[in-house]
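Got a structure for you, questions after.
First chain written, first letter: the chains are A, B, C and D, and each begins at residue 1.
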Amino acid sequence: MKKLTYGMVGGGPESFIGDAHRKAINIDAMATLTAGCFSRTLEKCRITGEQLGVDPQRCYASYEEMAKAEAARPDGIDFVVVVTPNVSHYPVCKAFLEAGIHVSCDKPLCLEVEQAEELARLAKEKGLLFMVTYTYMGHVTAKHIRDYIAAGKLGKIRTVMAEYPQGWLAYEGEWGGKQGAWRCDPKQSGGVNCLGDLGTHVENAVATLTGLKIKRVLAKMDVVVPGRVLDDNDVVMVEYEGGATGVYWTSQFAIGHDNDLRVRIYGENGSILWSQENCEKVTMIQRDGTIIERHRGNGGIEPGAAAYGRLPSGHTEGWLESMGNLYRSFSRCITAKKDGSFTEDMIDYPTVEAGAEGVKFVHACLRSNKEGNIWVDM
Amino acid sequence: MKKLTYGMVGGGPESFIGDAHRKAINIDAMATLTAGCFSRTLEKCRITGEQLGVDPQRCYASYEEMAKAEAARPDGIDFVVVVTPNVSHYPVCKAFLEAGIHVSCDKPLCLEVEQAEELARLAKEKGLLFMVTYTYMGHVTAKHIRDYIAAGKLGKIRTVMAEYPQGWLAYEGEWGGKQGAWRCDPKQSGGVNCLGDLGTHVENAVATLTGLKIKRVLAKMDVVVPGRVLDDNDVVMVEYEGGATGVYWTSQFAIGHDNDLRVRIYGENGSILWSQENCEKVTMIQRDGTIIERHRGNGGIEPGAAAYGRLPSGHTEGWLESMGNLYRSFSRCITAKKDGSFTEDMIDYPTVEAGAEGVKFVHACLRSNKEGNIWVDM
Amino acid sequence: MKKLTYGMVGGGPESFIGDAHRKAINIDAMATLTAGCFSRTLEKCRITGEQLGVDPQRCYASYEEMAKAEAARPDGIDFVVVVTPNVSHYPVCKAFLEAGIHVSCDKPLCLEVEQAEELARLAKEKGLLFMVTYTYMGHVTAKHIRDYIAAGKLGKIRTVMAEYPQGWLAYEGEWGGKQGAWRCDPKQSGGVNCLGDLGTHVENAVATLTGLKIKRVLAKMDVVVPGRVLDDNDVVMVEYEGGATGVYWTSQFAIGHDNDLRVRIYGENGSILWSQENCEKVTMIQRDGTIIERHRGNGGIEPGAAAYGRLPSGHTEGWLESMGNLYRSFSRCITAKKDGSFTEDMIDYPTVEAGAEGVKFVHACLRSNKEGNIWVDM
Amino acid sequence: MKKLTYGMVGGGPESFIGDAHRKAINIDAMATLTAGCFSRTLEKCRITGEQLGVDPQRCYASYEEMAKAEAARPDGIDFVVVVTPNVSHYPVCKAFLEAGIHVSCDKPLCLEVEQAEELARLAKEKGLLFMVTYTYMGHVTAKHIRDYIAAGKLGKIRTVMAEYPQGWLAYEGEWGGKQGAWRCDPKQSGGVNCLGDLGTHVENAVATLTGLKIKRVLAKMDVVVPGRVLDDNDVVMVEYEGGATGVYWTSQFAIGHDNDLRVRIYGENGSILWSQENCEKVTMIQRDGTIIERHRGNGGIEPGAAAYGRLPSGHTEGWLESMGNLYRSFSRCITAKKDGSFTEDMIDYPTVEAGAEGVKFVHACLRSNKEGNIWVDM
């Protein structure tokens, strides 16, 4: 497979997520960074570009310029990675879609439901691929659970308990640094903090693993740490189509939790417990109560999921590998687009439609919370 | 300390809980079983009595008779243990209180709030001791957490996540046996199943460990397993006086969970994680994120709690020892009552007032659920 | 079953183990303490006796007197529990055997191989029952493993890794108290410390769980903590009859380990991992690598083992319950002896022969260590 | 920092380790693969080269040719990665050293002590850098432990328990595939299997983490799985200079263990427990028994170690990141060599001297085992 080329918007010196996307893409060497608009000034952008080996001519002062220029080049980038703060996801993605360039955008997709729907519509009209990087669903064990449940092995799902507590924003002004500052700032994060940052991961994880569709939500979004103006602890009761129920909890002041996304799924034929911090294993309880622990790389992992493993069991894979798995499928699809072999069933990454579900989920929760914790339809 | 004597109502051949109370009392040999109304017929009662070494003359056909007869004897029982099905807790306890006998009653205390309040009032008027056996709060580690928090070491509590999933009633008619049958039968359990059986433990555990008072609840009580008529999966959002929040989850079809009461407490100065299935240890996270695991029997356990340990650390204590700890305090209080040295601060067991809180909690949840998952004041 | 009576030698005010035996016997109320020689003076003995409800006439100044007197009474004790320091196990046990009284002796059985063999011979000649209380083999999960392996489900055993680290004697004179003092004193413990205290448990656990017979050992016994004269860290390589191998490690300065007896058994058809501090579960790996966790009380536990459970799964049982299980079998056997229904296959507790194996093991290790860590036949 | 270039010997289509090295180098994009001798025929080599984007002119039929040709080019490779089977490590490494090219060689370094010493001498004479890729010591938590102990925080080390069990070679001919085949073949692996493959990792891990030097060993190397001719289960007793002791266990038939390298270090001021399968955390027990769990990315990790982290705590890093950390230091050193800024204290990777220790360890064990499990000096 010929190596692709990509550009990046965002990902300057202090960006954690831009660097992480680059490293994840590097692992399997599927694409080369050849263009970027890493910072808000051309000078800064070029400094980053030079460090990353990007031609200064392809370091751009604005994303609009970049989209146009790259679209015009015969050797223009195959796709763009959008890792700007949440508020600018929408205009940046839109610009590249309009320029005819495939998009990978970090989550959450954008702030407004209408924006999300427009991006989805644009991608469809233009025949472009659009990935939203819900990192955790790239793990082999996550894919295993998805395939196991899709094959009916858990039976009808009865209830789902999902949570994503963190503790790094437990004190205003003490912890969090630049990463924390923009998340807690209404202007940069768009009126929602914890639920947008963590809740969308929970929503996507449950939707991906179980295939369940949310019918309605009842949300309680609290602002707890003194000095905050946006939510930092959220609980959402969920009813799914078909009758199953769920509870989602997210927090940023749960000291002792690093990045503790966990999903527990209870079906009529057994249960599944999964934790992203222990993503190399999955606990599967059978109908008779037998508790089985399966490790990535062992037999018993669903074959399609197992194929994403790079190393034997016990040779741990982590976050970058999980993100890399999203890019493996995304790259294969783009290559297939280029050589005309693409079909929809090749897509094994979170799409713009999945991103739009996240935006709808946040808005339904905001409304439920505002109106006194009532049920709101998705 | 002179050994006390006690009687039991309930606890016949198929009773799990009656046998468990007897074994728990036995460990420390603080009281001798000398009277009983173990079954509904005198014949059956005497068979059990004989096995347990109880004088046939003190095996009774009815609890009313037993209460009167024992009260009249100069060597009558010091206290009674009530381990009948939930529906009869109220009349049995009332009869013994009226007869002037101290009462230990299994949880939940009773079905109606008015009954609970009457029992509390009666006990107070008569100067009688009344314990409600919320077993899990007898664990050394539970007492440690309570004392640690009461000493202010966790700071202001921000949120509490508590849960008690079980999996033994995942299938109608397959699992559960006699124990399951009466719990799922509205006539015997009084219109509530899972929340009464497990939810009251959660309510009591959080109240005991944190000292928080519930202000209002929003409950969703679901009937999930086909064939059931009572709740078997419940989620309760809680607001406490002072602003902290909580979520309680109980389930009886969560396959893979045996008896999985867990409480996680997040304060401004750290967090505490406790699981009754791993009751020999407690995880305490400090303000700076340092994760500390403390074991029963090690230094660092609060002294009042540590004093309840019988064995060195690593020599595991369990459920019976925890129940036994409740009886250790109860017995000491009764002995002190007898010799005139009793003071209120000697009480280190769950009281009838704690039991009444559980009944109020269940009723507030029932109302919230009935009215569409709205907030209901306690 | 009629309640038995027993006497105790040792178990005075500062004895941990005597109190533990009494509590363990209490749980199931199978025997009543009716005689004792708890301390070295009659006065002290009677104080303890009074606290325990023992008739002062049956509190004895010496074990010799007690053995004779009790043997002479028509209502003499059914069995004696020997919980003195290790050095006096032999004479005490011998006295009671000679008096015709069944014996339960704490481990290690005694100091010399000849003593052990004499006690075994005496018991046999007299037709008396003799239990050595290797507590940990009373756990339901331990019995499960034994029966599972005996049924051939693990296939031929290949290697065994067993260990028993503790940390309570990491500093001379700081930790340990009276319990530590006598263990580290050559006069009281008989020339061996850690290997006698912990190593015999390991030896018995492996022998019990696997059925393997030790052929020869190569031992390294180190004296590490400054100020010690006896071993506090021991490693033993083991070869079993039939070709399997093993390694045993015991330590008393392994800070962070409370009482961490663990056995890992690797067979040709799978593996078994067991830890006494987590004695409510067992990990069983199948031939194809499937990792299964089984809990006491769940289905899948071998029936004979499961029958020892008192509480449902998740209602934790611990050390006292495990010790209690030894006494349940011992009591049943004594009762059967009394009513003439006893047969050898009723024995489900560690016998004097098992105790003698422990003494032989210690002596073989001592010789191996003394001669430069060479192989020594058992 | 300017990107370096490297070549690879070995790493053809079925090589796990070659692909792993490439991916690990990719993550941080510190070096580009520009030459290779991936297979034994030029044709196969070029196919791999094409897939990896290597100029066909720099795909070589033999390593000798490659060493000479690359040394002669002005744009020749900065370093070579040697990932051939163990038997050819020595000649390949030697050829590149003689050609004046820095070397990264997979472990074990080579088969004979003389070879190892020659390579070390050659590297020194030529002023070349030589890394032996003991992957696991690249983990942040491993570096943390090393620095923590080096700073004296654990006090004098008393004993070390280290193990590396795997289960993938539990059955001859069933599991293992090509990877297993060459390891068990005396011709390809050089007369030792399990101890060379796993034991050298254990030796290096303990040496790196603790700084202890082995004085003598007593080894038992067993051939257990029917059909094997080389060791598949090894136990080594170790005495270090200064008096500390250790036990190393390695196995390839321990079903249920994937890749379970664990090191437990017991010092006079506390203990440290580390497991590479859970490499994101480390357990540190203090002198008073307080058990602390520290996570990579949290405060409390030694600063020099923490600097290797790429992602926040809870965003898991694994095997490739660990290997990548070795290459980060190696690349920095090579760059410094090129610009003249290199000093010895910049080396933070396992050197050829560390590799030579592994070879000596294996030979001492082989001799001990052959002579009946006697003590052999290193």
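Rule of thumb we're sticking to: a contact is a pair of C-beta atoms (placed from the backbone, for glycine too) under 8 Å apart; a residue touches a chain by one contact, two chains touch by 3 or more.
Model, not experiment: these values are computed from the prediction.
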item: Comparison of C-D and B-D (more C-beta pairs in contact); value: C-D
item: Computed distance of Cα centres, subunit D from subunit B, in Å; value: 56
item: Mean-CA-position distance for subunit D and subunit A (Å); value: 35
item: For subunit C paired with subunit D, centre-to-centre distance based on mean C-alpha positions, whole Å; value: 44
item: Interface hub residues of subunit C, defined as touching at least two other chains; value: 257, 289, 291, 295, 298
item: Chain-level touch network, classified as line, ring, star, complete or other; value: complete
item: Subunit B to subunit C touching residues, read off their complex; value: 3, 16, 19-20, 22-23, 26-29, 52-53, 166, 168, 257-260, 276-277, 279-280, 295, 297-298, 310-321
item: Residues of subunit B touching subunit A in the complex; value: 158-159, 161, 163, 167, 170, 218, 220, 222, 224, 233, 235, 237, 245, 247, 249, 251, 253-257, 264, 266, 268, 270-271, 273, 283, 285-287, 289, 291, 372-373, 375
item: In the complex with subunit A, residue positions of subunit C that touch it; value: 288-295, 298-300
